[in-house]
Amino acid sequence: MTHPVPALSSADPLSGLIASRRPGWTLPQPFFTDPAIHRADLDRVWRTGWLFACHSCELRGPGDYQLVEVDTDSVIVVRGEDGSLRALHNVCRHRGSAICDEPRGHVSKLVCPYHQWAYGLDGRLLAWRGMQPELKKEDFSLRSVHLREVGGLVFIHLAADPSPFDGAEACLAPLLRPQGLLRAKVAKSVDYLVKADWKIVWENNRECYHCDAGHPQYIRANFDHYNSGDTPPLVRTQMEAAVARGEAKWAADGLAPTHRETGMTRFPDAGRGIWYSGNRTPLVEGWVSESMDGRQVAPLMGDYREADVGTLRMRALPNFWNHSSCDHAVTTRLLPAGPQRTAIRVWWLVHEDAVEGRDYELAQLMPFWQLTSDQDWVICERQQRGINSSAYEPGPYSTSKEYNVEGFVRWYLERMKHNA
Amino acid sequence: MTHPVPALSSADPLSGLIASRRPGWTLPQPFFTDPAIHRADLDRVWRTGWLFACHSCELRGPGDYQLVEVDTDSVIVVRGEDGSLRALHNVCRHRGSAICDEPRGHVSKLVCPYHQWAYGLDGRLLAWRGMQPELKKEDFSLRSVHLREVGGLVFIHLAADPSPFDGAEACLAPLLRPQGLLRAKVAKSVDYLVKADWKIVWENNRECYHCDAGHPQYIRANFDHYNSGDTPPLVRTQMEAAVARGEAKWAADGLAPTHRETGMTRFPDAGRGIWYSGNRTPLVEGWVSESMDGRQVAPLMGDYREADVGTLRMRALPNFWNHSSCDHAVTTRLLPAGPQRTAIRVWWLVHEDAVEGRDYELAQLMPFWQLTSDQDWVICERQQRGINSSAYEPGPYSTSKEYNVEGFVRWYLERMKHNA
Amino acid sequence: MTHPVPALSSADPLSGLIASRRPGWTLPQPFFTDPAIHRADLDRVWRTGWLFACHSCELRGPGDYQLVEVDTDSVIVVRGEDGSLRALHNVCRHRGSAICDEPRGHVSKLVCPYHQWAYGLDGRLLAWRGMQPELKKEDFSLRSVHLREVGGLVFIHLAADPSPFDGAEACLAPLLRPQGLLRAKVAKSVDYLVKADWKIVWENNRECYHCDAGHPQYIRANFDHYNSGDTPPLVRTQMEAAVARGEAKWAADGLAPTHRETGMTRFPDAGRGIWYSGNRTPLVEGWVSESMDGRQVAPLMGDYREADVGTLRMRALPNFWNHSSCDHAVTTRLLPAGPQRTAIRVWWLVHEDAVEGRDYELAQLMPFWQLTSDQDWVICERQQRGINSSAYEPGPYSTSKEYNVEGFVRWYLERMKHNA
């Protein structure tokens, strides 16, 4: 790979490369191919931001835990005796052994399988044997990881001094409240290993320019693939009717359409450092759920009293997005898995009382987003292959259709500069 | 790996290593093991030379294409509406996605599967949608790759300013004419991934010192494994008879034996920078084809009117050789596939009108060169394993049997110096 | 990986990292994760020390050979015409090809399969063909590797000028004599590829702090898991009785218990550079063999005239340990296999006259150490995973239970400094 790295003008060895990016055009090749950039992405983006970990409903009782693997770090997210969630590094303070092997499970204590050092669910070292008395147990708690929860979503932050979360909470909490993710259950989750840099996955997520050909089932339900410049009058009328319908019906429940135009809502906002957002968006008439035929596929969730509530959409950089319909919620989580590799998990959630086979069928619940996911991962891997070529050079974004991709790139470069 | 790198005497960081090679002896270890040398090989040899891509008969009509993967580059070789072949980088000018997924196929246009930017078979951007009018389509053609065709063989050159091809054309065109590769078809191709540096594969190809033990079936047909110093009088007589027979019989067809001695013809010629050559060589009496029993295994190709035409042999550095008998042709193509890995394809071609099962059987057509290939790849991988040892040190070439290996090494080092 | 590398104070780039290690605490992360440290381990430890290769009984007659793969080097250990063992690099002096492919076998000469250069079993070049007369065969012997044998154990040394072996011989020869490994045979060997640095494997081997939970079958037979501070009076009494029993019964055979306390014998001794040791240790009453139920599982070996001889235990850094009972011996050999990878072979040996199915059953012979091995490799891989975390920081060793782990680390760092 030949790196078009200009002479360095500052202490940051990447500053020249960062500065070489032409606004409105795709990133230079090394951002997608160079292991050193991948390392910098981990240090400057992933280890300085809030990462979606899992849903709090996955950890119902004290001792329920789940592992989250971020790069070489393994983090235990566990519910304590006091009912609150905590995140702890899965590294014994004795010889450094991992403590939990299984990706999820239940424990009464966190006991290292090597020499049985025993930690409480809050990470405090409770018992060891054979250690000299001059050492003090209180110096050997499991190292903790910052954790915040909002409306059933669990986020962690790997840095010692985390960036603010309050803005995200203020934004997402009211949007999440009616969806009832705290009273949800996971119907299914699927893991993917995608051979593409995580930024390629986000760039794919941030535009619906590819939806016409790429997601034939998705565009039947949504208006995202139209933009101000190419929305036919009929579609504009439909969209306006959908918004009006939402305003009329949802008001009684305190809901409101917050995205009122075709095309994707603007996100992220690099200028103001906004890494989270959410909105309630109308669906095409006749669609009450992001299912293959638009019909409800599970019991109503949360506070919903009727099906026609559009979709709640949320996203948080660098690793989370969610589309929630009246009856189910679909979460996507990205985790870096080495250069040109992204580990992706997709969850389908339904009301906690819903019973498979009686209240819902996976064959009806899953295809809409499983197809969309599969289609996107193929696209992302193909783009990575092309970008790896010596012939790759940055290309232009459509200003009408890829404004959010440009927004993502700006946000990313801002992080790279800010955390250099 | 310990690198015996002497102090640098010039701007090229490899110049000391290159200079440390003792003439007549094998290359120092790093040339076979160091990823930095592999990178230099790509930059100084593979990206500065003509590479055999495929046979033009594989792409019969407009829109027929084949991918050639060189290092991280994917090149589309495609026949245009005008009937001529072109080579284009398989990288969309928008977001860099690969365009073609399948290794071969037929297309009417080259449409990027991501956002449907549509290119003509000549690489010109024909259509995009949603892009701002201030951008001009003519600035976004697919990046082209130089292509030359001679007698049915397609070569490409990845550099912007390619080295001359005319000498190769002048040499190979008349030799190729009677073989009729333009009117051939591929009976079969086989792909191999050999765990050895590409230079090890070439060094193996450039001597028949290993043939006695290594290729028991090959030496029944050929005289290569004898050399001036060890050709028994009987064999010398046979060779002379074969040459005389060729001179007598082939003259009417304008053919002539161009290699008249036992042993391999001299190639390459580093002193004069000759990277291609070809010759017509007699086979052992009784052999009219490089088949297991020497008998014809397919209909006559090209202009041949009788079977006894010896073999046409051609080779072009860094990645092509071919042995053609009266009835079939066998091509071998090397492509680098990372340090200590070489991707090799072997093709068997017959007359385009020949019908499998009626005119030829793969079981008769393939074994001679399939065995030879398999035997050589095992040898090459074994040599790579040995060279990886800390105990490896350069050893001496036989001046009577490995003169062409020395010639190859000189040619290679000349390239490495010249393109530093 | 962030490396807490202090400013360099000497010519050795690792000296700062080495000096940063806090005595009594585990090694800093890079020692377990950094490929450059792995390289230094190879150069400073593995290539400067005696390595256990195999058992001499595996190579009974002239021409019997075995390959030992150390890093990228392949070494042929072969018995010569004169009955003595030699070690030779498996690299032909011509083009560097490996000579032997199979991991073990029988040859009359060492003939390179590429061009048939033929070497004697002592490595001298006997025959080549086609080479120019000005080259002399005596300059092209296979490069030899130092080899020493003691009591049926074969050690090799890759350096030109090996470190002393006489101390090891003086220590181990008398201990080995009654065990009769020269008159043994391999009943079974098993190969493992463990995803952990070799030092993690040794640290695991050097303490029995993990045995209570980790090796439930092992602790039924042995006293290792007790230490001076935690041996209950009853166990102390049992140990004393076992020692007294050994003294009384073994004296007639010239044997003696050489480890008379619970807990592990001290090894290694970094201060005096001792890399080998051995001792005869009593087993728990009722146990005469390290088998699942403590009963004899094969005929008596060597000079033993009764079963109750405790266990002979030996170890040699960096790659060997052995536990021998009256009836069988179990050897473990480590070989580095890249960063965070260790290739491990475990051998079970019995008397050479023992016949499987008649005199012993693998199902009785193997489980005790196969379980112990499997349990340890799981532990080691889990520790490697934990150490890879950014949250890993050195932890304290138990002074009463991990004194030998501290001893190993000191020995290792001494090697790293001494051979810088």
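When the chains are written out, they are named A, B and C in that same order, and each has its own residue count from 1.
To be clear about the criterion, a contact is a pair of C-beta atoms (placed from the backbone, for glycine too) under 8 Å apart; a residue touches a chain by one contact, two chains touch by 3 or more.
What you are looking at is a predicted structure, and each value in this text was computed from that prediction instead of being measured.
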**Request:** Could you work out how far chain A has to rotate to sit on chain C, using CA atoms and steps of 5 degrees?
**Result:** 120
**Prompt:** Which is it for copies chain A and chain B: same residues on both faces, with over half shared, or different residues?
**Reply:** different
**Item:** Between chain A and chain B, centroid-to-centroid distance (C-alpha), Å
**Value:** 48
**Message:** For chain A, give me the residues that contact two or more of the other chains.
**Reply:** none
**Message:** Show me the residue ranges of chain B that touch chain A in the complex, using the header's touch definition.
**Reply:** 47, 71-74, 89-99, 101, 113-116, 129-132, 135, 140, 143, 158
**Request:** Please name which positions on chain C make contact with chain A in the complex.
**Result:** 1, 26, 203, 209-210, 212-214, 227, 229-230, 379, 382-383, 385-393, 395-396, 398-401
